[in-house]
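By letter and in written order, the chains are A, B, C and D; residue numbering begins at 1 in each of them.
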Amino acid sequence: MLFASDNWAGAAPEVLQAIVDANSGAAPAYGGDPWTARACAALSETFDRDVAAFFVGTGGAANGLALSTLAPPYGMIACHEASHVQMDECAGPEFFTGGAKLLPIAGADGKLTPLTLRAAIDAFPERPPHGSPFAALTLTQGTEFGTVYDPAEVAALAAVARAAGMKVHMDGARFANAIAALGCTPADVTWRAGVDVLSFGGTKNGCLAAEAVIFFDPDGAKDFEFRRKRAGQLFSKSRFLAAQFVAYLEDGLWLRLAARANAAAKRLSGGLADIDGCEIWAPTEINEVFASFPPETEDRLKLAGALFFPWVTPGDPAAGRMRRLICSFATTDEEVDRFLAVASA
Amino acid sequence: MLFASDNWAGAAPEVLQAIVDANSGAAPAYGGDPWTARACAALSETFDRDVAAFFVGTGGAANGLALSTLAPPYGMIACHEASHVQMDECAGPEFFTGGAKLLPIAGADGKLTPLTLRAAIDAFPERPPHGSPFAALTLTQGTEFGTVYDPAEVAALAAVARAAGMKVHMDGARFANAIAALGCTPADVTWRAGVDVLSFGGTKNGCLAAEAVIFFDPDGAKDFEFRRKRAGQLFSKSRFLAAQFVAYLEDGLWLRLAARANAAAKRLSGGLADIDGCEIWAPTEINEVFASFPPETEDRLKLAGALFFPWVTPGDPAAGRMRRLICSFATTDEEVDRFLAVASA
Amino acid sequence: MLFASDNWAGAAPEVLQAIVDANSGAAPAYGGDPWTARACAALSETFDRDVAAFFVGTGGAANGLALSTLAPPYGMIACHEASHVQMDECAGPEFFTGGAKLLPIAGADGKLTPLTLRAAIDAFPERPPHGSPFAALTLTQGTEFGTVYDPAEVAALAAVARAAGMKVHMDGARFANAIAALGCTPADVTWRAGVDVLSFGGTKNGCLAAEAVIFFDPDGAKDFEFRRKRAGQLFSKSRFLAAQFVAYLEDGLWLRLAARANAAAKRLSGGLADIDGCEIWAPTEINEVFASFPPETEDRLKLAGALFFPWVTPGDPAAGRMRRLICSFATTDEEVDRFLAVASA
Amino acid sequence: MLFASDNWAGAAPEVLQAIVDANSGAAPAYGGDPWTARACAALSETFDRDVAAFFVGTGGAANGLALSTLAPPYGMIACHEASHVQMDECAGPEFFTGGAKLLPIAGADGKLTPLTLRAAIDAFPERPPHGSPFAALTLTQGTEFGTVYDPAEVAALAAVARAAGMKVHMDGARFANAIAALGCTPADVTWRAGVDVLSFGGTKNGCLAAEAVIFFDPDGAKDFEFRRKRAGQLFSKSRFLAAQFVAYLEDGLWLRLAARANAAAKRLSGGLADIDGCEIWAPTEINEVFASFPPETEDRLKLAGALFFPWVTPGDPAAGRMRRLICSFATTDEEVDRFLAVASA
C-alpha cells in the first residue's frame, strides 16, 4: 500500500528495455546519436508541430533551464504559491535564471485564475527600473493539488500573461497524467493555448530519469544548449535519456501508464469519499488524492503498512490535516482496495 | 508643495559642508582615511557597542550586501510583501545573494507580526533539501506604510525568526525617522531586540549618497569587504562617504533632520484627517502619509502644483485610491499648510 | 576503429545489469534507498576512510558542485589552462560557484607543478579585498593530456595550495584510469596526499551516467545536499545512479575496465611510436594517445574508417597537428592493431 | 611626494563646486533631473554621436555592468592578464555577468595585440556548447602599465574580436589620460575604432565619485537600467553624479586635469631615466611610471616621505622589483623634483 510518491516506483519495463537495447555498441556522445533524433521527431509528432526538444536529467533542471530562457536575471516569474518551483526546488529557478524573482500567488486547488493573476500583476507596479519586470508565468500541469487546467483555462491565463509582457512556461512533471485526464491533444493545452516552453516529465510516470524541455518556437531555444551544458545537464551518453523518451512516446505508452495511475487515484478517492470521517480536499483529476482521516483511521492504516505523508502547503484548506496519496503506473487495484478496506474497517 | 519623495531633497548643509571640508588634500583610498575611522567610531558610540560598519552608495546595495552575508544562495529570506527589497530593488537581493528566495508575507500597515511570520514559516515545509531553508528575516524600520516597530515588536519577531533558524536584518532606509518617532535608543530597537545586521540609511534624510551596513556581531562581517568590492560598492575616495556620516551623526543631526520630516508629516496627516472626504490609510508615525482624496480635491491639488504620486502595493487597503505623501527634512510648515488649504478649499 | 572518445562506448554489461536488477519494485526516492547506502559504504571502503559521498549525473555537475563548496563566489580557483573545468564546461564552475574566478596556469603534459603553481600565486597579489582570494586548487587526474600525478606530486601541489589558503579538489573523470596506471591505492593519491574533495567519474569508464562527489572530510559537505538539489542534480529515482556505483566498485570492476582501456592506449601508442612520421606528444599513461600523423597517413586512416579528432588546446606542443585518440573499456586489441596496420601501410 | 595612487587625490575644485551648486533645492530622483540630461548631452557632444550614457559610482561597477550587457552568463570575455577586471575587482565581472568567464592573455606593456588575441582565441576551441563562446573583448585605455592604444591599434584588435563574434568594451578608468596623451578625439579611439561600450572614468581624474557607462549604439543599452538598479548603482540623488560629469566635461576640464597628471609622470619618468641604477619598465605614456630603484635609493626615498608601492603583476618584466608611481592632477612639479633630487642624491 505504497502511496508515498510516484517516483518511488521504478521504471516501466518498456522503458528499461529501451535502455538495454540502446546499449548495443558505440554511439556519438552529447546527443549526436540516432535515439536523440528519433525522440525529437517523436516529440514533434506528439505536439503536432516542429519543436526544439532537449533532454535533461531531472524536473528541477528542466524547469530552471526553461525559465532561464524566458526571464532575465532581474525579471519576475509569476507562479502558484504551492507550485514545485516555489516550494520544492530549493531556489533552483533563482539559481538557473541568475536571480529572477518568483511571485507566489494564492489560489484554490493549486490553480491560478485570470483574476488572481491579474490582481497580483496589478498589485506589483513595475515603475521601471524599480520593480522586477514581469517576464514569465509558470503553470503546473497537473497541479500540486492533483487538478488540471483545461485548454480554455490555459489560454485565458496565457492571455493575461501575454498582455503583461510575459512568456508562458508549463511545468509538466505530470503532463502525461494531465493529458490522460483531459482527453485533449498535447498541442491543445500547450502551444495552441499560448504556452511557449514545456517541461515534459517522464520520470514520475515510468521513466528511469528523463525529462524534456520543449520549445514550441525553436527560436526561443537559441542559447539553450549553452545553458544546459554549463549546468551539467548535457549527458555524454545521452542516448540513454533519449531512448527512454522513444519508448515512452511509442504506441502511447506514456498515456497508458498515466491513465493507469489516474484510474488508481480515482478508485482510491471515490472509495474514501464513501468512508465516514474521511475528507477529500481537492478534486482528484490526476494521480494524487488529498485526503484527511480520523486519527484512529490513520493509525490503523499506518499499522497495516500503508505509506503516505502529510502535505503541508500554503493555501492548505485542511488546517494541517491533509495527507497526500499518490498513485503511480505501478499501483494495483488490489493495493487500493486493501487500503480502502483498512480505512473503512 | 513637494511630497513626491524624501530623496528629491538635496543634501543637508552640514553634510555638504563636511564633504567640502574632507576635500583638503590627499588621503588614503578605499577606507584607509581618518574620516572612515571617525565615522565607524561614531557608529559604535551611536549603537552603544563595538560594531563593524561599512559604507556603500545606495540603500539597495546596503540591503543586498547585508542579506548576502546572512542567507546562502539557496536560502529563504522572509519579508513583508510590500517591502522595498521585494518591490523596489529589481531583484537586487536575489542578485547579491546569488539566488536566495524571498518569501513575501502579507500584513496590515506594512508590518509583520509574530503570528503572520510563524504562519508563513509553517506553511513552507523545508523537508531538506527540497524547500529553501529559512535563513533570514528582514524588517523595514520605518516601514513602507510609514509605521514603526517598537523594540518589543522587533524582539518578538526576532524570537520567532531565531527559533526557525533565521538571522535578522533591518532595512533602515528611514531608520532615523523611526528612532525619532520611537524615542528609544538605536541599540534598543536593533541588537538589543535581536537584530544582527542593519542597513542604516543616510540618503533619504539629508545625506548626499551614503548608507552604512552595520554588523552588531563583527564576526558576521568576515567576508563583507570582498562582497562589497566585487559589487563595485567600495569607493576609492570613500572618505567622502564617511565624512557624510561623521556630520550626520555629530550632535544628533540625523535625529534633528528626521524629527523635522516626521513633524511635517504629522502636521499634514493631522490636517488631512480633518478634511471631509480625505482618508488616511495608515498611522502616520514617521515622514510618510498615505491618504486618499476625492477626485476633485486631487485635481485641485495638482493644479496648485502639489507633487505626489499614487501608491500601488500588495495589501493596499484603499483599492487603488491611495496616494503617498512624503515629507523630508526640507519640507516647510508653510508648504504643508498651503497643501492643506488647497485640499480643504 | 573508434578512438573518438571514451564516452562513445555504452555501459559495461555488469553496470547495465545492476540497473536492471535495481528495478525490482518500489524504493524510497531521493537517496533513501538501499543502493545508495551500499554505494556510499563501498566508497568508504574504497578510500579506506569514512567519506561523505553524493551521486550526480554528469562530470560537469560533479566538478561545479564540488568547487562551490570550496570557493566563495568571489574566490579564485587555480587550474591548468587545458583543464576540463576551464575548457569544456561552458563556464560551469563559474555558474555553480556563483561567480568564482578561474586562474588558468600553463604546464607541460597537462600538469601543474609546485613551481608553476607558486609562480601563478605570486603573480596575482590579493591585496584584500581587491584581488580574488585564492580559495581552491583543482587538479585533473588523469589529465587532459593523458598523464597522471603520482601521490608525491599531488602532495607537493597540495602543500603549495594549502600554504596559500586553498583547498584541493581533484577532477577524477578518469580517476579509475589514473589509479589503474599508478598502481597506488585510491587513498594514497587523494586524501593522504591532501585532496579535500574528489569528483569520482564513472561514466567515461563503463557507467551509463553516474558520477560521485566525495568529501574526505564529511564536515565540508554540510550544505552539499542543498546545492545539489537546487542545481537539479538530486535524482528522484537515485537508486539507479547508486546501483551503477555498486556494480562499478564491486570486485574491482572499475579498475579492470580502466586497465583494459589503458592497455589498449599503450598498445596503440607503442605501435605508433614505431611508425615513421608518427609523433607522440605526451606520455601515454592512461587511455589517451596524443599523436600526429603525416597528412597522407591521416587520410588513409580516415578512409579506412578510423574515428578520431584534432585536439586543439592551450599549450599545444604540436602547433595544431595533434590528434587525440581515446580508448575505452570496449576498445579491442583487434581495433588497435588494424589502426596500426593502416597507419604503417 | 605622494605617488601612491591617483585616487588618493581629492576632487578638483571645479567638480566640488558643481556638487555644491547642484544642491540648490529639490530635484527629481533617479536621473529625472536636469543635470543628468545636461551630462548626457555633453557626453554625446564629446563623442560626436548620440550615445546612451548612464552614471554609476565606481569603476568596478561600470566595468561589470557594461560587460553584463555584452556577454551572456556562459560567455567568454577576453582581457589582458594584468587588467583591472582580472586583477583588481574581486571577481566583479563574474558577479555582474552572472558567471561569464575571463580569459587572461599575456602581452608586453599591458597591451594586447591582434596576434596575441588571435592566438588565444585559436587555442580555445569553442566546440559548442562545450567551450564558453567568445562574447566580448575588454581593453584598458590607458593600460595598467601606463601605456595607450592608438586608434589603429584599437581598430585592429576590434577587427579580430568582431571576426570571432565578440563585442568590444573599453575600460576607460584613465580614459582622460589616454586621450590627453594620444591627442586624438574621443570618437577616434572608441566607436570609430570599433568599441561598443566604454567605461568612462571620472574618479581617478578629479571627480569625487562618478563614472559613466557609454553605449555608442543605444540599442545595446536596452536593459541597462534594470541591471544598474538591481546592482544598487542607481543613485536616488543622482544629480550629484551627473553634476560632476557636467563640470568635468565643461571647457575641457577633464583633459586639462589629465594633461597635468600625464606631464608630472613624464617629468618623473624622464628624470628617473637619467639616474644611475633606476630603471623604467614601461613607456610612460599617461600618468603612471613603472620604475625600479637600487635598495638604498628606495630606502632613502621612503625615509624622505615618498609614498609609492611595489607593483606585482603577471607578466612582470622586473622580476618583483617594479614600483608603481602614479601622478594625479594634484601632483606638483615641486613634488616630482624633490623626489628626483632624493633619488639621485
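The criterion applied here is as follows: contacts are C-beta pairs under 8 Å (C-beta built on N, C-alpha and C of every residue); 3 or more make two chains touch, one makes a residue touch a chain.
Just so it is clear, the structure is predicted and the values come from calculations on it, not from any experiment.
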{"item": "Farthest chain (mean CA position) relative to subunit B", "value": "C"}
{"item": "Pair joined by more contacting C-beta pairs (B-D or B-C)", "value": "B-D"}
{"item": "Geometric centre distance via CA averages, subunit D-subunit B, whole Å", "value": "34"}
{"item": "Computed distance of Cα centres, subunit B from subunit A, in Å", "value": "40"}
{"item": "Length of the line joining the C-alpha centres of subunit B and subunit C, rounded to whole Å", "value": "50"}
{"item": "Subunit C residues counted as touching two or more neighbouring chains", "value": "73-74, 89-91, 94-95, 98-99, 129-130, 226, 229-230, 234"}
{"item": "In the complex, subunit B residues that touch subunit D", "value": "2, 4-5, 7-11, 16, 19-20, 22-29, 56-65, 89-92, 94-96, 203-204, 208-209, 226, 229-237, 240-241, 330"}
{"item": "Complex contact set, residues of subunit C against subunit B", "value": "72-74, 98-99, 128-130, 133, 223, 225-230, 234"}
{"item": "Subunit B-facing residues of subunit A, complex", "value": "73-76, 87-91, 94-95, 98-104, 120, 122-125, 129-132, 312-316"}
